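Input: a single structure, listed below in structure tokens.
Chains: A, B and C, in written order; residue numbering restarts at 1 for each.
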């Protein structure tokens, strides 16, 4: 065996140029596959994250109370019921956060603008601020309760610079006028084109302005481990809520993509109208014929309900990524197979000689297989290294922030999600395929009669 | 929508701060509020006036609007007809009970909005503009005497009784002599000054006083203020026909 | 000729090798052709969809700082920024219509309004619709086939009316709790800076949906321009005439306690204390008899209003242009913009994509990404092809040495090998193209269904029927030939550098 390995190595070394070309082809294939895989992976991750970031999660639970005066107050004072409802699907949840939300008027000098502001507990959601697409300023120090982060277009309209103070006029949950002053620490790329733009502030300070005590909140945001389970987890939590408290009728989830009949179209549109209204904090929908209820009434909505297109987009990109992977694999493998076939054809005489001096058939075959395997392995490793270098360089480039490309980027940069298991699988697939590619020619070679092989004029 | 709000706000203030005639005797600040409240609306008579509103907005420039106003508070009715600018002449807002209609003279059509409905994106409801209930909504938490310009005044600090009152804190400057409200400051829950209203001129209508000039200064948005002057005030009885759709149509013919 | 014969012989001699290289070349070309054709079809599909359904090829608008889209403001916050009118509309339209190659023009404007029905007093409705103000005749000429009218019919030429979006109709019906049908009257109410709130009563002519719709287009209804001008306050007299009296000016300028309530000097204040002097004025109060005639004349002269409310019959936001030949769009845009500049018209012409709004721009961007990916795949394929060819030529170095030894010229050998590889690539390239064409034909006949809304936007329709594009065909042929030449250049030069003897020694 040792000898066979030695011979295989000698062969590889002997034909440096060929080895280099063949290994180079494999390396290039691996490079492209890895980079593309990482790219599409990063793309879908970023899309998911960016959308989740805009909305602050994938599943949202809100609660409302009705006052004697008939005023509906949006507040969740106690999270016990939600906790219980969430428990059965706990394993699916990455994290859950409690946010407050205000529709406010932001004022700077004589300029005003309307802005949705979310209250965030910076201490609990440590990663939240750094995940925002910051344009200007910094979110490193959020210890001052009065810091605010605004969408860049709002800041522009107001003419406010980083470090300056702005006023925020809002109504408490019971309808009282209130004003707070904030310091702008950063601007984020806004998602106005999606019809949403959100500013962020400290939840305790925002709560005090909204007339809520610390610990109370308005929206329970859930980040899932896997976006694919959004509907089932949403349904499960809703069922749990329904068992324990008053609930708002659940919006039908988006019908499956293939279902394009008029009836589901109409249901989908109805759904979108409602979710849009609830998203905008509008009470239009339930304004009429309210039946009073006791305690807190919960409603639940998922990102799918609001943005069915996002999951569709992710699916599309994944499908395309997979297609590309298979295509590249085929192209690379055909190349490898053919090169090997040629190598063996060319070495017929040598094979004949080896067989003539008494080498076993299996050994002849193994020499070729090993040669193929080592070449592929070396190429693959080189390709991986090259891929790492390429991805590192590309991910350093910051793209212009204004474009729509933002959806695919993370903080203006392209990111690559490299899953080690996938890389390993790719390597194994490639090595196996190289062996497979070399198998036939190698077997053919081993079956050659020594005399005949020596006679061959090639 | 802002414009309707302006008109209605102004209309409210005429009612809200038409002051009580002087009442002798010991000072009971809650009583002062009550007496202001009692006389907030012209319960027994009709009311009509022409209001000129000049708004100065540093961003949008100066805007001027002249409206004719008719009110019959005992029936919850009012009609506001726009006289100026000319392009809007004849547009009207007619309120009957809980209904509010807007009339467009060009298309000769009414469009209905509910008073219960929230004003476009604000927490103020149309109905908030209709009544004043200082004594009902506020308690007097502090009082002092002082001077405002050349007038001797009582200065009252008010605090909302419930957390559903739009302005949680208020400060009133009231003349000692006959409890005319000269100045009002509205504060937010964080006690920041939101708006200051001035009532530098009053008109005596029958036994009551009603402000004839009002100035509202937005204390948050720099340079934004509105001045309302009221002319042709009358409390004579108005024909019933005024508060009908058909009058709004006919006056535009 | 000898060259060809030798090349052919060589190829036949090394049958398996020829086949191997050929298969790779053919496969690569096939993938390139199919991928490119699909992308081209999709890109053209999207463009065509927009050209034929919404935008035409060129959009003219008044000049603004920001970007304008036909579909109005793209965000909640920018709703207040108004869209400028096209100045000198009639002149612009005449000029544009006179340009050669202009097939159709259609003016358009954007608006928004709430929609309700008269007598719907019990509960207020909050249904919104976006409005496209159109000239029914020109719109139909420009976009003869962009609507699916589910009920009723299109607004007749020169008449008024509303084409209600199916989506808005459903929302409205939900609000009203009853069904709507063509012939029903609805009230559109909207707010503008100039004439305040405006109401228009219009009759529903038909219910429709756009053939190629997406969420951004779902809420758009079509309305005759006259009604939209009133709603938008697009009047002849644009500016408001505000006259302030002296008193009003000074009052606004001096808002503080002292200037409003007098005083300041202590002594003076003392004397005035407790007095109403100056505070209460009586002049404003009147005895007024509201007789019938007084009441009816309260508004005075109403003719002014009519004069001021007269809408500007040339007020449009956009002018859309459809060309005979879309390829000329860039040139025509330049021509029109030069005309604007020379005639001091403050307007601009842009291509359809600028006016098409977010969704079109987004899918166009996504396509760019996919194009890059196809390109990368193509490069991979090419490199692997070249690699194979290089290996095969390298293997023939001894043979080449022999030929050189028996007196073959360097140039002869170079040409021979080039012809050889070229022949292989061309023959198999053509086979690849033929196979790719077959696959495309199959896909065309069968159609690739768009399984979700995202694919639909990307494909510009519910099914993609890929067509072999001339571009990708030419590209494939060029690539084939280039591969042939490039792939042989390097190894041949290597082979020729070697001395014949040396070459022959290498076995």
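List of remarks:
We adopt the following convention: a residue touches a chain if its C-beta (ideal position, glycine included) is under 8 Å from a C-beta of that chain, and two chains touch if they have at least 3 such contacts.
Just so you know, these numbers come straight off a predicted model, no measurement behind them.
Closest to the middle of the protein, by Cα centroid, lies chain C.
For chain pairs B-C and A-B, the one joined by more C-beta pairs in contact is B-C. Separating the centre of subunit A from that of subunit C, both taken as means of CA atoms, is a distance of 28 Å.
Centroids built from CA atoms put subunit C at 49 Å from subunit B. Rounded to whole angstrom, the centroid-to-centroid distance between subunit A and subunit B, based on C-alpha atoms, equals 55 Å. In subunit B, 117 are the positions where the chain touches two or more neighbouring chains simultaneously. Shown for subunit C are the residues that touch two or more other chains, namely 123. Touching of two or more other chains is recorded for residues 114 of subunit A.
Those residues of subunit A that touch subunit B in the complex are listed here as 67, 69, 71, 103, 107, 109-112, 114, 167, 169, 171-172, 174-181, 209, 211, 283, 287. Of all residues in subunit B, only 57-59, 117-118, 121-123, 160, 162-168, 186, 188-190, 192, 194, 220-224 touch subunit A in the complex they form. Every residue of subunit A that touches subunit C in the complex is listed here, in rising order: 17-18, 21-22, 24-25, 28-29, 32, 36, 113-114, 153-154, 157, 192-193, 195, 197, 257-258, 260, 266, 269-270, 272-273, 284, 288, 308-309, 312-313, 315-316, 320, 324, 327-328, 331-332, 334-335, 338-339, 341-342, 345-346, 403-405, 408.
Interface of subunit C with subunit A (complex): residues 16-17, 20-21, 23-24, 27-28, 31, 74-78, 123, 126, 167, 170-171, 174, 215, 218, 358, 361-362, 365, 369-370, 373, 376-377, 380-381, 383-385, 387-388, 390-392, 394-395, 451-455, 458, 462. Residue ranges on subunit C touching subunit B, taken from their complex, read 116, 118, 120-121, 123-124, 187, 189, 191, 194-201, 230, 235, 237, 240-244, 247-248, 251-252, 255, 257-258, 260-264, 268-269, 272-276, 279-282, 284-290, 292, 295-296, 298-300, 302, 304-305, 308-309.
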